[in-house]
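The letters A, B and C name the chains in turn, as written, and every chain counts its residues from 1.
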Amino acid sequence: MAFLELEHIEKDFGAAPVVSDLSLDVEEGEFVSFLGGSGCGKTTTLRMIAGFEVPARGVIRIDGQDVVNVAARHRNIGMVFQNYALFPNMTAFQNIAFGLSIASMAKADIRIRVQEMLALVHMEEFAGRYPQQLSGGQQQRVALARALAIRPKMLLLDEPLSALDARIRTRLREEIRQIQRAVGITTVYVTHDQEEALSISDRVVVMDRGRIEQVGTPKEIYDTPASRHVASFIGTLNMIEATVRDAGSGVLDVGGVAIRTAAPIRAAGGTVIHAAVRPERISPSTGAAGDNRLSGSVTETLFLGSTVRLVVHAHGRRLSVDLFNDPDLPLPQIGSAITLSFAPEACIPIYASSAYRPE
Amino acid sequence: MKNPINGRAAKPLSPFAYLGVLPFLLFALAFMLLPSGALLFGAFQDAHGRLTFANIVALFDPSILNSYAISIQVSAATAVGGVVAGFLLAHAITMGRLPKAVRSFVVTFSGVASNFAGVPLAFAFISTFGRVGMVTFILKQLFGISLYDSGFNLYSFWGLTITYIYFQIPLMVLIISPTLDGMKREWREAAENLGAGAFRYWLRVGFPILLPSLLSSLVLLFGNAFGAYATAYALTGGLINLVPILIGAQIRGNVLYNPNLGYALALGMVVVMAVALAAYVAMQRLTAGWLK
Amino acid sequence: MRQRKFWSWLWVALAFTYFLLPLVATFLFSLRGKKGVLSFLAYRRVFDDPQFLSTFGFSLEMAILTVAAGFLLMVPTTIWIELKAPKLRSLIEALSYLPFVIPPIVLVFGLIRMYSRPPFALVSTPALLVAGYIVISFPYMYRSISAGLQAIHLKILMEAAQSLGASWISAVLRIVLPNIRSALLSAALLTFAIVIGELTLAVMLAWPAFGPYMALVGRDRAYEPAALAILSFLLTWLSVAVMHAVTRGGERSDSGAGAVH
């Protein structure tokens, strides 16, 4: 039995369905991210777990208990909001102590617990400060401490880092993950930033228009996206339009050239699908035996820091090729001819539509 | 003082800058500051222009002190009533999950009702609760209850109070609604997460955050009622001795003509209003950062 | 959450009842002009009274003058502060809100004292009345215009206009004023509503304005005052409704807060 079970959850706002037939199991201690663009239903789902929205249909079970009819304040779930939501009339200490005092804990015990929490988020010196006197990152740490102080069964985070600067975001997300591991609490994290989701989650749930597109480990999502939406949402991806030539042997036709995939293709001959290839898996050389080969010309070279991206036009398609920035290697000239190669394993067939169904 | 954008010291204000506001300054001086100043100085003069404190002392005459007392009582009562009732109404339309149309209607109506004060309002209440007013009439005819025999009197402290409240409540709604909009929904949700129900939320988070705004509204409503002349005059015809009525009588020379006493009365009123305004400003400063 | 909705509706309903009651009662009262039957006799008497029209016309005139002169004074001043002298903003703001500390009854007293004798014997000219009204409307005018200017980011707009070659004046007339139209309109309507029904200044300075007329009617007649109250209410409602329609909720909701006592 999983710790958090969502079964066929549905939610409508007026006539429009916001979440449709959503089912998911989250194990205890797991860190799961809901990833998607705005309007995909991820925040609504989170709020249903928290108890601020009631699902129109479906069951939510936490630790075996059906909670759909349990009020938010009895669910013992900690939540961290996008805009911190610290109480402005209380110091950091008092904010963290709030849940504990509601639970009528003894003052001495509260003090110990709050100090513990402050140490956990490295905010000991700021105990007496008011939220207005803290930076965004500091406020969010206090918010996290406040949520964890009451020893909740689960931790929910609603885009906690989107209001912060990029540099703080990177550091803070790692801290959040460390704290989560240290405490071992089941966590659901909502974000629209795919780098964030991929870097800290045990599993990622990609959502689009109220439905789950794919659930998997970050590597699975990245390497084997199940649908076009997932593929284009995660990282940069070359989507090569191709016609199925021989489904059984996994052969596609790209502008007259034969391309092989590693697995059989689940579409009939003659269908137009997309072959997805990550830019870093394409090599500007003839490659090994058995590799797919395309020839084209370089139209742009983009310097991205540690990577150099070549934009190549080949067989009527536009491809991005990522290379490590090697100062010794000369870059191809714009307009020069170039041969590209990539392994069949790097070639993922993406069909017109697909939706996730858990087994 | 440093310019926050480029860190350079800000340019000192050149005299040229005053040129554009000169007309306004002159006007304010001529028709607001000097007349008020003249009035306040007049409080310290006798009929021949000599400096004296006699007028101030005269303020402590029991009947005059009584006027101040009544004015303060009416203003305090309607301020408290206005704040409480206005807050509940404003809360209902901003955070009460009602349709937007309701809020829009209440706000429009509040705009009307807070401007409705004065003679028309007095007429409306006389037509309703006066000796031959509609409610008085209906209570007598349909229920056999005689409102005035039971001791109710529109032309009294309580009559004045319920009349004033008619424009105090809308004023409160208009003032406090933007503030309530600034209350983040997430505070309530965070509190709920941490186990607090509605009562605890309001007790520990909601009201503490709102307190400066509520107090400043209280002060504003107090000032609003204290300075009111038209409504009181039209309603009671000068029967009830409120300070504005007293001042009005002095201006018209209806009583023992002693304008200097009138000036002293005006001084007393301005002092009360100034204290109220100072308190209002101080409390507004307190809330500055909380409800952004 | 459902509980909250119930209480909210309850309060709104209670408030509605309290506010509607006097209006309904007054309206019914106003229909009792003729004994025993409901009629609009009281209204007819009001409209037939030549004084009604003359005093209303007088107050209307005063209101228009107040708005015009007030704008002439406040609009350039506010624009000036935003563009050339932001440091003076607190001063001008303080002066604009000072009328809250000086109620009309005190103001008129001071005006009489100061302007009764030569060389400034203005007390018998309507100019003094208009001046007094302008002072009373300071807070509302300033707040409205200033909010309007801030909403359009005046400084940036002016800089854009000037970079395209427009002169200062031309930019103000062709770009600023049209864009603060709704703020100006709402300030005008509010001032309007205040001046038309104003009593204190008008009666103390002895002018045949609408406010004193109503007070007089209230002393002598029984049902006409109720009719006047209803008419006044409808007029105020019209002004505020137009004001709200024009601003389309873009301004702060407290911009319509009242002044008349």
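One rule holds for everything that comes next: contacts are C-beta pairs under 8 Å (C-beta built on N, C-alpha and C of every residue); 3 or more make two chains touch, one makes a residue touch a chain.
What you see is a predicted model; the values in this text were computed from it and never measured.
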Chain contact graph, described as a line, ring, star, complete graph or other shape: line
Chain separated most widely from chain C, comparing mean CA positions: A
Geometric centre distance via CA averages, chain C-chain A, whole Å: 56
CA centroid of chain B to CA centroid of chain C, Å: 17
Junction residues of chain A, two or more chains touched: none
Where chain B touches two or more other chains at once, by residue number: none
Complex interface listing, chain B residues touching chain A: 184, 186-187, 189-197, 200, 204-205, 208-209, 289-291
Contact footprint of chain B on chain C as seen in their complex: 1, 4-5, 7-9, 11-12, 15, 19, 21-26, 28-30, 73-74, 76-77, 80-81, 84-85, 87-88, 92, 95, 97-115, 131-132, 134-135, 138, 190, 193-194, 197-200, 204, 211, 214-215, 218-219, 222, 225-226, 228-229, 232-233, 236-237, 240-241, 243-244, 249, 252-254, 256-261
Chain C partner contacts - residues on chain B that touch it in the complex: 13, 17-18, 20-21, 23-25, 27-28, 30-39, 42, 85, 88-89, 91-93, 95-98, 102, 104, 106-128, 132-135, 166-167, 169-171, 174-175, 177-178, 198, 220, 223-234, 237, 244, 247-248, 250-252, 259, 262-263, 266, 269-270, 273-274, 276-277
Chain B contact footprint on chain A (complex, rising order): 50-52, 71-74, 76-79, 81, 83, 85-90, 98-99, 102-103, 132, 143, 146-147, 150
